[in-house]
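Before we start, here is the structure in question, set down as structure tokens.
Chain naming follows the written order as A, B, C, D, E and F, and within any one chain the residues start at number 1.
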Amino acid sequence: MRFKIVTSPHISQDVSVGQIMRRVLYAMIPGIAALTGFFGWGILINLVIATVVALLAETVMLTVRGRPLALHLSDFSAVVTAWLLAVALPPLAPWWLTALGIFSAIVVAKHLYGGLGYNPFNPAMAGYVVLLISFPREMSTWLIPHGLDQPHALSFLDALRAIFSSEWPARFTLDALTGATPLDALRTQIGLGLTVTEIRNSPIFGIVAGQGWEWAALGFLAGGLWLVYTRTADWRIPAGMLGGLAIIATIFYLADPQHYAPPWFHVWSGAAIFGAFFIATDPVTASTTSRGRLIYGAGIGILVYIIRGFGGYPDGVAFSVLLMNIAAPAIDLYTQPRVFGARRG
Amino acid sequence: MIAAIVVLSVMAGVSGLLLGFAAVRFKVEGDPIVDKIDAILPQTQCGQCGYPGCRPYAEAIAAGEADINQCPPGGENGVTALADLLGRDPKPLNAEHGVVKPKMVAVIDEQNCIGCTLCIQACPVDAILGAAKHMHTVIASECTGCELCIAPCPVDCIDMIPVAQTITTWKWTYPAVTAKAAA
Amino acid sequence: MSRLYPFHGGLKTVRHKTESNQWPIQRAALPHRLTVPLRQHIGAIAKSLVQAGDRVLKGQMIGQADGYISAAVHAPTSGMVAAVETCPVPHPSGLPDLCVVIDSDGEECWVEHQPVDYRALHPSELRNVLRNAGIVGLGGAAFPSAVKLNLSGQCEHLDTLILNGAECEPWITCDDRLMRERATGIVAGLQVMTHLLEPREVLIGIEDDKPEAIAAMAEACVGTGYQVRPIPTRYPSGSVKQLVKLLTGKETPVEGLPVDVGVQCFNAATAYTVHRAIDHGEPVISRVVTVTGHVSQPGNFEALLGTSFADLVEQCGGYREGVERLIMGGPMMGFALHSDEVPLTKAANCILAASAAELTPAQPVMPCIRCGACVDVCPANLLPQQLYWHARAKEFDKAQDYHLFSCIECGCCSYVCPSHIPLVQYYRYAKNEIWAQEKEKQKAELARQRHQARLERLEREKQEREAKLRQKAPAKTIKATKASEAGIKLDIEAAVAHAKPHPPSSISSHAEEGESITDYSARTPALPVEGGSRGSEPLSSKQDA
Amino acid sequence: MKDYALILVGTILVNNFVLVKFLGLCPFMGVSRKLETALGMGLATTFVLTLSSICAYLSDAYLLAPLGLEYLRTIAFILVIAVVVQFTEMVVHKTSPLLYQVLGIYLPLITTNCAVLGVALLNVQTRHGLVESGLYGFGAAAGFSLVMVLFAAMRERIVVADVPIPFRGAAITLVTAGLMSLAFMGFAGLVRG
Amino acid sequence: MNETGYLKILKDGVWTQNTGFVALLGLCPLLAVSNSVVNGLGLGLATLLVLLISNVAVSLIRNLVRPEVRIPVFVLVIACVVTAVELAMHAFLPGLYTVLGIFIPLIVTNCCVIGRAEAFAFKHKVAKSAVDGIATGLGFMLALTLLGAVREVVGQGTLFSQADLLFGELGKGLTLHLADNYRGFLLAILPPGAFIGLGCLIALKNIIDSRIQHRATAQPATVLIEAKS
Amino acid sequence: MKKIARSMGIAALILTGFAVVGTGLVAVTYSGTKNIIAEAQRTALEASLNQLVPADRYDNRVTEDRIEAVAPEWLGTDQPVTIYRARKNGQPVALFATPTAPDGYSGPIQLLIGVYADGTLAGVRVLAHKETPGLGDGIEARRSPWILAFTGKSLTDPPQEQWKVKRDGGAFDQLTGATITPRAVVKAVRRFLEYVQKHQEQLFAPAAGVK
């Protein structure tokens, strides 16, 4: 009788990378739904464009490199990257912008390093930043959420046309549809010398943060908590990031409440929640030790605040994540756990 | 113009004084790197690297005359270790100097040995026992497998045989192979 | 209830205990031929005391312990020695090893039993009795127990003696059944150990999914002061360092042994063999083994060492359809066997015939996504993904920086890895390579010294020759030395030239000699090697050394 | 005080010498293969850069400028740097063999690190005073060391990644530096002016 | 095949041991100044000039210099050459001078200049050193111009913009616009683009080299197969 | 000891020798190029001024007819700002200055402004800025014609309260997606015009007034 020679352990848990990635996709659904509700079809169209381009780019790279296609396409990591990037793009971003971002993410940031598991930088955020610095105008034309002074929704076809041929429906002017995002508004108006209270009286602000935005954040929070619950994402990273952001925001807020927005505003604004649960938690590019993950998260939180408050960009999640990606290997090196039986201290 | 020349020559002069001082006070000492290189080499003393033994090769590397990929007995690991020590990029073994072979030991066919002692003279690690006109034997545990005894033997009675694998010398293999086989 | 000190990591695995633990231990039939390996333990192989044609009695010593870390081997039954030769043995390599093959005469004719009163003997004599009885750890490592029963030089005084009845691996139930059925024997053996080690307390750790065994042991312990401690069912609570932590809160130092913190630990079955050896004068010639998995009727057998696995499976009614691998040991740490024609050894606690249904299907290996699942379960508190990363890249130094040698190869990390990476094998590979490199370094150092010595000798001889020549004929000297120097140079050059790759013609001439090469290999004895297992028992790296 | 802090933040993060200003790239690429060497190089550079920017300032302010010999700056500065480097080597060698072990081998490489000359020239260009010059030099070197150490840790990981063959080695290292530089653009605007 | 001598020096300098692509020396100017072809060309020319003169000078003085002052002397010589070139550029190409800024004096510390002085000129006769200087300079210029071209095309869709800085009025007509209303991909012009662009060029060179090698080894391989059959 | 002295001497000699020769050569080059450089600098400056005011509108050497002014509130910088005057037949024609708009999106923006003696703008150009490429850098003449809109404007045209970007209810366009940068530039130009209006006399005072 011939037996198969395989090394131990001979049994294993029934999880796979594909499953983990799919969980991330499921977890994004509530947030995406909220975003679509407030910003219209553009979000979904972007999502589709991004997914198609990502799968295409992944296929090409895998083929060029002679890797098994089916195996790696079914790990869904490219789709996760695509969705994460698409969600962060303005709803009516021209199609080429999305495509270029995905290309940078999948080809440059991921496959030049060997594909899944080897990339030191978060592909989605690398793609995002490439776009942000190359096309700042396109990247900062966000739509005004529904339910404000804009009862009219762009129809699906309008959105398609806007995305693919950059033609806006004649009914609206560009200026009527777009406007500064809450963080941008806060940033520029503080620069003009207004106080936080004055600024937040503007209709674009809602209960805690931006009108509309805050519901999207809630959706992402729900999905994110589920990710943490299923252990798909390590709780330490979101905890570290939101904690770090809240603490530093509190310090400044207490020092001068008129000049600095309150911590809850910061935590709930922009991409903080989304970033904490979905982006910073990318296991490949984050720190992998337990203590390291706390530090990594806190680092992101603090950098986000610094960039938002003192830097040149309204939100800093993407930059902060990339910056901490740089530090992650060093953090890992210095935060190794005490091995069983090693002397304490 | 004069000012320019004066200022710079003063500066240069002062620098020269300092450096001249330094040159004598702090002569470079011997080169400990040779020992470190030698420690990595497998000491087979086979000469495949093109140098008569491991130490000369180590000296050649330290002097920048030889590349780090000339020692087949050291194998890939040896090259990597050298690259690491010298802060260079590892490279594949230079095939000109031979290829990595499984570990071998020399065995003397005792029936044919005429006891000429030539192999004893060739063996760099004195791994062959025997007296003139008497049959010789290789001490297997001391033999480095350098093959230097083969050529001198007038009756061609020395053979290299691969070291047989036993339970105690068996090693777990690099998993990629098995992983693929399993998949 | 006294408190437990949970260790980091660990897993809840599938259990699969009921398949085999519902029936009492059966006595396996006496086979016609027994193949008894001379190396069934960690350490040097036993020296054979018999030759083909010798008649042996049951329990007669046929292999003598060779050195301190070694163990004796005995004839499991009476009969005729058919051969002393290399035969297949249960080993992950599938390589053969030296065995004594005995054709049983069916008479089971014992040597004289020599029970001893352990209280009357000097400890070292008592240990000798145990050594001569071939007692080794039956928990899987097969480390000679006499060594572990000698505290001198290791620790002043033993705090705790632990009896390991955890049996945390899935499928295996031999200790469970043994504890249920022969608890008094185990406790008797424990008493011998207690006598030798004089611990302050004796704890018996049994996973709480074995209530019958706990009850039986508790009953047997009445009046002894030994405490039975149910522990949570969590793999690998049976691993000695984790068990020590769990029961006493003490962490065994990274490069140390439990004795370093005043604890010693033995397997339940080991205690039972001690009892048999002391109270009945029987050496280790049989053991209880679980035969389970995809066989018709799984169960536990008390079988003679040397019985082939195929025989044991036959007694379970044979394989069921679809067996794809045969595993010695449990599914977490056991290794796959190349064949079932291998003999039962002291270390074999379980034979698991596994079909696809028992195993998780082989899934393609993906790159590590650094998810950290492995970190969460690693009982040694390592960073398995980093170990893997460096082992994969053959950066052994860095792997060691990450405490590769603290890995107990428990397999928890591989179990949870979503990328299905054979992590443990990477670690085994890396450990083996490091050991091999270490050995090679030593060999290289030796070669260097010998080369150096030779150069010095040559130099000396040359000088002596010169001196002589100078005395004899001053005029000729210069020429002569020059000539001899030239000769040496020529030699070296010839050697160097020879060492260069052979031109094709010489390769072909070598090929012709192929036959004689094989001829030699058959005749040459194996190279002398130090005793020591490689990789199969991680805990012993120190004992090994 | 705030100005000084701004100089530091500016040189370390916002206008990082390596990633934004493109100075000192050769050692950045060449000596960052291993973490320890990167650390050693960082320390050595920090020391030399601080010292040499002060010395360069002094020679400019008290020798060249008064005599109207600004066009000789390059020559004078590089001479000063070469001497500072060799002098440091000498002092370290004499006082602390241990430190020499750590820094010694890197010192000669620093002469050709263009960050050193770059700092001296930029100090003059931006009309920094003595303290500012020193701080500027220190900040530049600290920024250099910081990214170098982080980069080295990253490189140790990247060498074993499954990088496509044409990109192995220098190419992927440069791409990594590029992405690092991309990330550092996030600091843009942190220090105005 | 006789490749020794001048041809080999040339080939080494321009391709095999190209400072920018292989030796990774002189990276700072290479990355900083290569945001357009014209800038690259300008600095490339300046460096070429410096390399040539300094190589010749070092080769000339190589017997006068003692080891302990070797580096300072080289540095001094190079610094003088650079300053002279700088002054000349300031006088005759003021536009380019302003654009290149600090990177002209920094040619002094361009590792490839001192590297060639040390590794080559110090050991060879004048003629060979001169050729080496030219070869290395050409190689460096090649790297600068190529990178400049890639970055300029991708970044703003033009080639030879601001050619007047280098060629005067004549250059104004040289500018090529490759596509109408090209939006420009700013990344290429910004610092990250420099790193990534050079990385890609090196990868490209690797691909070319391996193709060449492949072709070179392909022939003997077939011979082997024939011999076997 | 002697060895050291000898070594020091030789090293110093070699270095000094090379320094003398090298510096000599450089000094020669310097004196040879000094005037050319100065000339080139002047032509460059004149060329950029001539973009704003055609050369035939004045006849003096603008680059030499200059004063320095320090007026942080008006000129946006603590540093002295050089002001060049163009005259024809001794009569003031125009003046040029390089004030700063301190409140750009990511830092100060250095401008070059030319004003005719009658207070109309000869033109505005951006000399240096750190605005976001692709967004705020529309103020550069080679990226967009936005900055050319200033030519011919004065404090009365448009009226003072219209000296704002359109979004703030003024007369000047903003750049798409970037309001802050144009806002800063418009403000700086207006301030400079006001400054010129206030100090007309001093600014055009004859060369004697050069500080």
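In the analysis below, a residue touches a chain if its C-beta (ideal position, glycine included) is under 8 Å from a C-beta of that chain, and two chains touch if they have at least 3 such contacts.
Model, not experiment: these values are computed from the prediction.
Counting hops only between chains that touch, chain A reaches chain F in a minimum of 1. The chain pair with more C-beta contacts between its two chains, of D-F and E-F, is E-F. Relative to the centroid of every protein C-alpha atom shown, the closest chain centre, again from C-alpha atoms, is found for D. Among the other chains, the CA centroid farthest from that of chain C is the one of F.
Inter-chain centre distance (chain A to chain E, centres taken as mean C-alpha positions): 41 Å. With centres defined as mean CA coordinates, chain B is found 53 Å away from chain A. Averaged C-alpha coordinates put the centre of chain C at 55 Å from the centre of chain D.
In whole angstrom, the spacing between the mean C-alpha positions of chain C and chain F is 84. Shown for chain D are the residues in touch with two or more other chains, namely 71-72, 75, 79, 82-83, 86, 157, 162, 167, 172, 175, 179, 182, 185, 188-189. The multi-chain contact residues of chain B, meaning those touching 2 or more other chains, are 4, 8, 11-12, 14-16, 18-23, 25, 172, 175, 178, 182. Shared interface positions of chain A, i.e. residues touching 2 or more other chains, are given as 4-7, 108, 114-115, 118, 130, 133-135, 312, 332.
By the touch rule above, chain E contacts chain D in their complex via residues 21-22, 24-29, 31-32, 71-72, 75-76, 79-80, 82-83, 86-87, 102, 105-106, 108-111, 114-115, 187, 190-196, 198-200, 202-204, 206-207, 210. Put simply, chain B touches chain C in their complex at residues 38, 41-48, 50-54, 77, 80, 96-99, 105, 107, 109, 121-122, 124-127, 140-142, 144, 146-148, 150-152, 159, 161-176, 178-179, 182-183.
On chain E, the positions that touch chain B within their shared complex are 66-69, 72, 76. Considering their complex, residues 3-4, 7-16, 18-20, 22-24, 26-28, 30-31 of chain F touch chain B. Of all residues in chain D, those touching chain C in their complex are 157, 159-160, 162.
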